[in-house]
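So that you can tell them apart, the chains are marked A, B, C and D in the order they are listed, and the count of residues begins at 1 in each.
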């Protein structure tokens, strides 16, 4: 269904990115989102909430009104209204304004405040529209390709954590902070990921030896996901270029390290992503 | 020896994964294992053990009964009974039920409890049967290929830890928590793997300088195992594809980035792993 | 504009690196910079400042005088004086001497002291002149090539941190140190980067479960920038060699693993960087 | 100079690895070294030293006698005595026995004890002789190739640490543990390498923001050395195979992923390292 008149114009500005007006709208929206997210964060600081409470409420209602108008306009000018409302970003748009209205009825403000922070997800929609898309796609595609390998890796890490955690529970025991197996497993995850909070530490020589072993294992297996992702990224990176078509002459098959089209000499940096070219 | 009648049917369901019944059995088993492992963990939490002690005992006996029936059925329907009983998973299956019976005789419940957690290893058997196998194989093969290189790396790390640990023992001494050389080496391992618990920290300027050096070394050598594994994985990844045969026409020799068989156009994602094709 | 007489001679010594005098000047300058930077650092140690206060002041004025003479000489003998003064290193050179003079007027010595530390940036100018340049160039070029991919990655990490931080704020609350959403986000960044100070740690079972999840995610996504940079570096490394020209016969197109020119047999280690050869 | 008689026999056993006697000697020596190193470590534990003091002294003299005999025999049967005594391992062999004799004269036992730990370096000599040599060589060669790139990287990290450290000193100040610029730089190194001891932590909002930035930078640049080493290792790995000669037919030029000689079908795993073949 082709849109006409005001709906078409609004659609181009709000959903599109090709017109200057559409670009200004996106930039304006990014700043509004960042500002409103920053506001929610600051409002959670006790001392600020006490001093500037009313300012926060006023600003919050200002942003809610702004996003409500935007949400209604989006529904009005969407090509397929039903599809927009139930899409991922449609729901995020609704969640961005709902908490303020719900806060009038319920009083558990803390939980609602955090839902407001989901507004930050809206930034991805805007980024999606610009040329960062291609690079994000490459990352997502690479990670998706290796999902099974990563899962096998996580399963192994979890089994290692459960076994080492149980052993540490027996060796160190509740006396040294390893009060239960879940806590011991939590400690093992903290250690194997090299985070090392230090709130629980082994104190017996045997416990410290096993802890050292855990760290050296963690140190070594940190290499595995890195290896998986790198091998896949290098592979995707190569394919990305070779499948891409020159924006000038439309021919593909360039080398990974080509910077200019080998057919017409056009700069390849502006080449179309393969998904759009095919 | 070909199995017949009930034994053949049970073998297909319990050991096999091709029939719908075999798949349902696997899914059921995974959930049973996870639930029983979760139970053992929760039972180690003091406050829960006190409140729900009898519930834990009842549920534990329920799972023990279930796994006992499964273990006996596995022995009954195995193609080679002796081979199954003494196989790795045969022993793990036995260890999963033994502690409960031993607890009737002995009272050192803590150690037995942890042996129960080995049940978690049974998950690998089920994962082994599905298509995650191929990716796990790739990881294991890569890591096996680089075992010597990783060992050389570990030997170097340990020598570095012993030398830096001894130096820190002299520089900081028992006054600042470095009470002995083993403790100093433990601290060096904690530091060089970038875990950094913070239970022992250098306090003298010289000690802090040496600690900084240790960290920068650790930061740098974290690259070595990563490099080893990545280089090997990239290599194996390439071979995996080129050795694989198309599930449709059976021909091999595809490029690493091929998604469709170059001979018949069949989607390569479902291609047989090389180990089974040859 | 070609320089003549003393200006030309000074220019060769101060800005150049080809003459023996120019090399001695560079080595002398590196040591002077390192020594004066070390001086500023030591002067910030309370106990040293009290004991050797006057020595520090004397030495500081000595270095200021030295750098002032150098700065004025640089202006005098620069090929394009205006360009030098407003160049990055021109400003750094000025900032290296300004604080000492400003300290005569203002008394906020602490801030001025730190500006002096910017002297350390001057080291890069000297490194730039020697053969380390080519390797630094390779690194910078690789990082620049992947800037968009790194940015997409950082945006994702920040959104993950905001969401996990907010959830931890609700789960753990001010009672366990998560006093506000910004603090919770700070904690999430500390955890996801595997730093793990341990000044704030989760104490509730749910909080520890979410923290474990955060760590495992951090552990996994640490692979992404590594993968991005490695894939690009491997690519640049290959191109660097293939574009480089032999220092003897001037021909290019060598293989990545060539050590000798395939045209004349000259050792390629001394080959010109591609940027200078073209 | 060719050795004869007893000297030749001893030389083969002590320095060589080809004869069965030479292999047994190496294995015996590794265990002796590990045992004596373990002894020195345990002797540093206060409670053990008090209880088993005389046992430690007796065992220490036993090992000293053993290593003294070995050292003198090595001098006796070395092909070039002067070269052996002043070689790296000759000095390490001497340092392994000297402390015990010096302890008879001087009483500063702690420092001498640590010198004994240098015995652990002797393990490398033995590892050097077996087939682990080839893999160690590959690692060392790769790291040597990238020495300049790693140095440029370290220079950048240090400059970043100096600048961030100074800024943190001003922002947080002595009140929150950042008592001087060197301490602040120490904290920055602890943070940027993701060690995070937690003995010093930022407490002001601005300090925590800068700390977050430091961590995200550290998180990102950890990718750089990894990328450098991986790219080089992948490159060396490829060359290692292609330069190697088949142990059966002596021909080279195999593909990186070849497992059998393409000329005669001999298993390539046993192929000679390129350094010895040429």
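Remarks
Note that in this section contacts are C-beta pairs under 8 Å (C-beta built on N, C-alpha and C of every residue); 3 or more make two chains touch, one makes a residue touch a chain.
A quick map from chain label to UniProt name: A, B, C, D = Ion transporter.
These figures come from a predicted structure and were not determined experimentally.
Under half of the residue numbers at the chain A (Ion transporter)-chain C (Ion transporter) interface are used by both copies of the sequence. Between B-D and B-C, more C-beta contact pairs are found at B-D. When every chain is reduced to the mean of its CA atoms, the largest separation from chain C (Ion transporter) belongs to B. Centroids of chain B (Ion transporter) and chain C (Ion transporter) (each the mean of its C-alpha atoms) stand 41 Å apart.
Taking each chain's centre as the average of its CA atoms, chain B (Ion transporter) and chain D (Ion transporter) sit 29 Å apart. Among all residues of chain A (Ion transporter), those that touch two or more other chains are 182, 185, 194-198, 222, 226, 228, 230, 232, 234. Those residues of chain D (Ion transporter) lying in contact with chain C (Ion transporter) across their complex are 148-149, 151-153, 155, 159, 162-163, 166-167, 169-170, 174, 179-182, 185, 191, 194-198, 201, 205, 208-209, 211-212, 215-216, 218-220, 222-224, 226-228, 230-232, 234-235, 238-239. Chain A (Ion transporter) meets chain C (Ion transporter) in the complex at residues 37, 40-42, 44-46, 110-111, 114, 117-118, 120-121, 123-124, 127, 131-132, 135-136, 138-139, 142-143, 150, 154, 157, 182-183, 185-186, 189-190, 193-199, 222, 225-226, 228-230, 232-234, 237, 256-257.
Considering their complex, residues 194-198, 226, 230 of chain B (Ion transporter) touch chain C (Ion transporter).
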